[in-house]
Amino acid sequence: MTDPSLSDQPGHPALSHLRSDGSAHMVDVTGKSETKRVATAQAVLRTRADVVAQIGDGSLPKGEALGTARVAGIMAAKQTSNLIPLCHPLPIGSVTVDFETSVDSVRILATVSTRGVTGVEMEALTAASVAALTLYDMIKAVDKLAVIEAIQVLEKSGGKSGDWARPSTGVSA
Amino acid sequence: MTDPSLSDQPGHPALSHLRSDGSAHMVDVTGKSETKRVATAQAVLRTRADVVAQIGDGSLPKGEALGTARVAGIMAAKQTSNLIPLCHPLPIGSVTVDFETSVDSVRILATVSTRGVTGVEMEALTAASVAALTLYDMIKAVDKLAVIEAIQVLEKSGGKSGDWARPSTGVSA
Amino acid sequence: MTDPSLSDQPGHPALSHLRSDGSAHMVDVTGKSETKRVATAQAVLRTRADVVAQIGDGSLPKGEALGTARVAGIMAAKQTSNLIPLCHPLPIGSVTVDFETSVDSVRILATVSTRGVTGVEMEALTAASVAALTLYDMIKAVDKLAVIEAIQVLEKSGGKSGDWARPSTGVSA
Amino acid sequence: MTDPSLSDQPGHPALSHLRSDGSAHMVDVTGKSETKRVATAQAVLRTRADVVAQIGDGSLPKGEALGTARVAGIMAAKQTSNLIPLCHPLPIGSVTVDFETSVDSVRILATVSTRGVTGVEMEALTAASVAALTLYDMIKAVDKLAVIEAIQVLEKSGGKSGDWARPSTGVSA
Amino acid sequence: MTDPSLSDQPGHPALSHLRSDGSAHMVDVTGKSETKRVATAQAVLRTRADVVAQIGDGSLPKGEALGTARVAGIMAAKQTSNLIPLCHPLPIGSVTVDFETSVDSVRILATVSTRGVTGVEMEALTAASVAALTLYDMIKAVDKLAVIEAIQVLEKSGGKSGDWARPSTGVSA
Amino acid sequence: MTDPSLSDQPGHPALSHLRSDGSAHMVDVTGKSETKRVATAQAVLRTRADVVAQIGDGSLPKGEALGTARVAGIMAAKQTSNLIPLCHPLPIGSVTVDFETSVDSVRILATVSTRGVTGVEMEALTAASVAALTLYDMIKAVDKLAVIEAIQVLEKSGGKSGDWARPSTGVSA
């Protein structure tokens, strides 16, 4: 019996068809309209106070950390659809990566915009995550116990679902 | 004497010009109009009946084969213009990869759509080919003689040349 | 005055040299010995109970989530040195990605091994992070508030620093 | 109950563990010894006699086909572990891509060597496949019905399994 | 005190903010209009007369040089936004790479077009540079002293700044 | 008649063989011994004095230039074998990128080391070139006439050919 999910394909009868309804696929976005879309996401690197100080004064063994992590995050945003299997490639319009330090943590904020057919949450999350992993790489010689926390979308705008901001909670750093 | 093929370039006389008329190049698609385009392609992995059974029941040494091949095919569709030198990058709108098994073969069907200026045959063929290679990789420990066959476009729609479907023949699996 | 950090380079006097001592660089590992090295890292995706149920029964809009995230994590491990600027390329010897679900979270465990000159913590962290981002991508249509937490190294072995395991705390999921 | 497949990981009790024994993974090759390994694979592009003539005389719309396909195949060999999820990265030692034409087909032969811990069949198959797809891309304007056939390993040497050559059959072009 | 540069982001007070006004970022191009844009750039490989002869007659140890460099340049144009951190991904519409030889040099001319929101100077420069590096790679066994010179934009058209051509000087090869 | 260059391949008679002796190929390095190898290369960006000042004080429209170019150069070194078709992948052991400024130019110095079977000249040249292209990208809004010059190897050590340094000339910046 032919799988109805293949009914738009040429008439080769399926002898034994393995597609389940739940198989992974890139959903069709060709009918969606292009609008400006923006998303901001964060990640938080939790470490020790002396390590945050070293990040700030450039004395880490691998060198200047924040500028390196910023470039890594920007470049990672452009790799999102190559890393996340079901993400669509998008014409990324801008990327910024910023840092806020507290006593024992660094918060990474990534904002991505596009004029495209899908949102850019995954691009912002990927930029923040890779920037955080880059910071981790630069401090791991001095802190084996660092943790990356609270990777989440903070707000987004554009598209069918409109503007959205994460309700305030105590979750973020 | 200046090569006329360079006549749109600044006036630096060519002392000895090596471009032949037949040199490879990415043809200009900037004047083509964006329309929805879809293509379906296939590849067939021919192996043994017991291997097809192992693909189905997940008992291969490297683990679950079809889901892995599906993801590989989807991701490969997005790499097409990085693998095929003269392909244009396209905003891929959807990718599906499906499998049909017969006694001693697995047929891979890949469908790709875009809203773009060129067709997506190469993307569909690349998805089907890489999914087939991934299956091959997972069975090669149990079948050195497997063969990938019948990689071809089955149908396409959109663009100047309009809808097209491969005439029925005995070629496919 | 010549920057002493350039003293091993040919004798071109620096008119005005911009390298600060703290500039980023890939540290030299050519003198380190090859040993087997293994690292395990985790990430935790916190969401809702009904979403964890959908992950389990394959009813998400984009399809089967865990198998897709596993493949994404494995492939990301191999991209680590392309994503993290100061990471060294390594001959990755194995990658596994596993999942544990609780009521409202999914914990991703990634283990990477190599026979190489540096540790594979970053590869394990990258695999876990990208697998978590892939899960996020698959549930974001049903949960805008999901958070990725507790990305950390759990244990590692091999290399000069020897075996290490994270002390038990209440940090992990 | 803890999944025994995780017994080498830190003692976090699995609340509900989703790993089945059949999950996909990159198998561990860190214990294998480095030896010289070589593999030769083929792909066959079946088209029309007039198209083979155009391939030969450089009159295709996109330009010189064989040289372009050769470079594409060589570069694809180096992307194998980025395309095939469970392939290990290998220090590729050489790649050659050659062509044989008959009346209505072009046979691509790719040979890859390494001094590494796993065989290079997948690298040779990937090189042959991508070279064939590149030829297809260059002729698709003049032949919609072309088919890529008979992708298979012809012979390999090195490694535990020793030398092997495909038994002669009528399968190849 | 909150950095005003973050004023468009959710209200999380910055404890200690590290962003300086001069931090690197991908500037926002989402408001720019799509027009056809073209750019031509060059690079010059300076070597010896006998090496230019070997390039021409295909007798170099690694084989045919110009066709290989042409394909490398075309493929590199498509990698520009992955190599240059702050470049935007663009739908590249065409790429040509041509060569002119004089007695002791090879001049590479790369022309790239797009229908997009930013210019393609970087794509043309990247194509020319990578084609020149590829030639260098193929001759380095016979000339250690080769130099790549005069990488520059020759002309561009399209976009807000309109048409532009480099004033004639003695700079180019 | 069979092409002798294929004599090491299975006995399929070539009906019409297209390989010329001069075809491009990755030469075999599997028999070469691993030694430590180091190479230093340079590129020079020639611009205006006021632009060099802007590079130094971080007032360019796209932000901090030298740190961004350094990271781009380091990451590009790891992409060398993906950009240059006949380059072998190498386990890069270290990369440094430094800058020297004069009145109207910036000289980029890139040093790469490996413990491998081939030299790292191409990696050092690629790092220097991409760092220079990145600087170009950041200043092109203020200087359309900038030129990248004098890309060359300065010295190398290791391997069969031993240590080598470029003879002093007036060529470099």
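Read from first to last, the chains carry the letters A, B, C, D, E and F; within each, the first residue is number 1.
Here is the rule we use: contacts are C-beta pairs under 8 Å (C-beta built on N, C-alpha and C of every residue); 3 or more make two chains touch, one makes a residue touch a chain.
Treat the numbers as computed from the prediction; the structure is a model and nothing was measured.
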Chains touching both chain C and chain E: A, B, D, F
If you tally the C-beta contacts, which comes out ahead, D-E or B-E? B-E
Quick check: how many Å separate the C-alpha centres of chain D and chain F? 28
What is the distance in Å between the mean C-alpha positions of chain B and chain D? 14
For chain E, write out the residues touching at least two other chains, lowest number first. 23-27, 64, 67-68, 71-72, 75, 79, 85-86, 89, 91, 166
Which chains touch? The pairs are A-B, A-C, A-E, A-F, B-C, B-D, B-E, C-D, C-F, D-E, D-F, E-F
Residue positions on chain B within touch of chain D in the complex are 20-27, 58-65, 67-68, 71-72, 75-76, 79, 83-87, 121-122, 125-126, 129-130, 132-134, 136-138, 140, 144-153, 164, 166, 171
So in the complex, the part of chain C that touches chain B is made up of which residues? 64, 67-68, 71-72, 75
Which positions of chain F touch chain C when the two form their complex? 36, 40, 56, 66-67, 70-71, 74-75, 78-79, 89, 91-103, 107, 109, 111, 113-115, 154-155, 165-166, 168, 172-173
Using the touch definition up top, name the residues of chain A that touch chain B in the complex. 3, 5-6, 8-10, 12, 14-19, 23-31, 81-82, 85-86, 88-91, 116-117
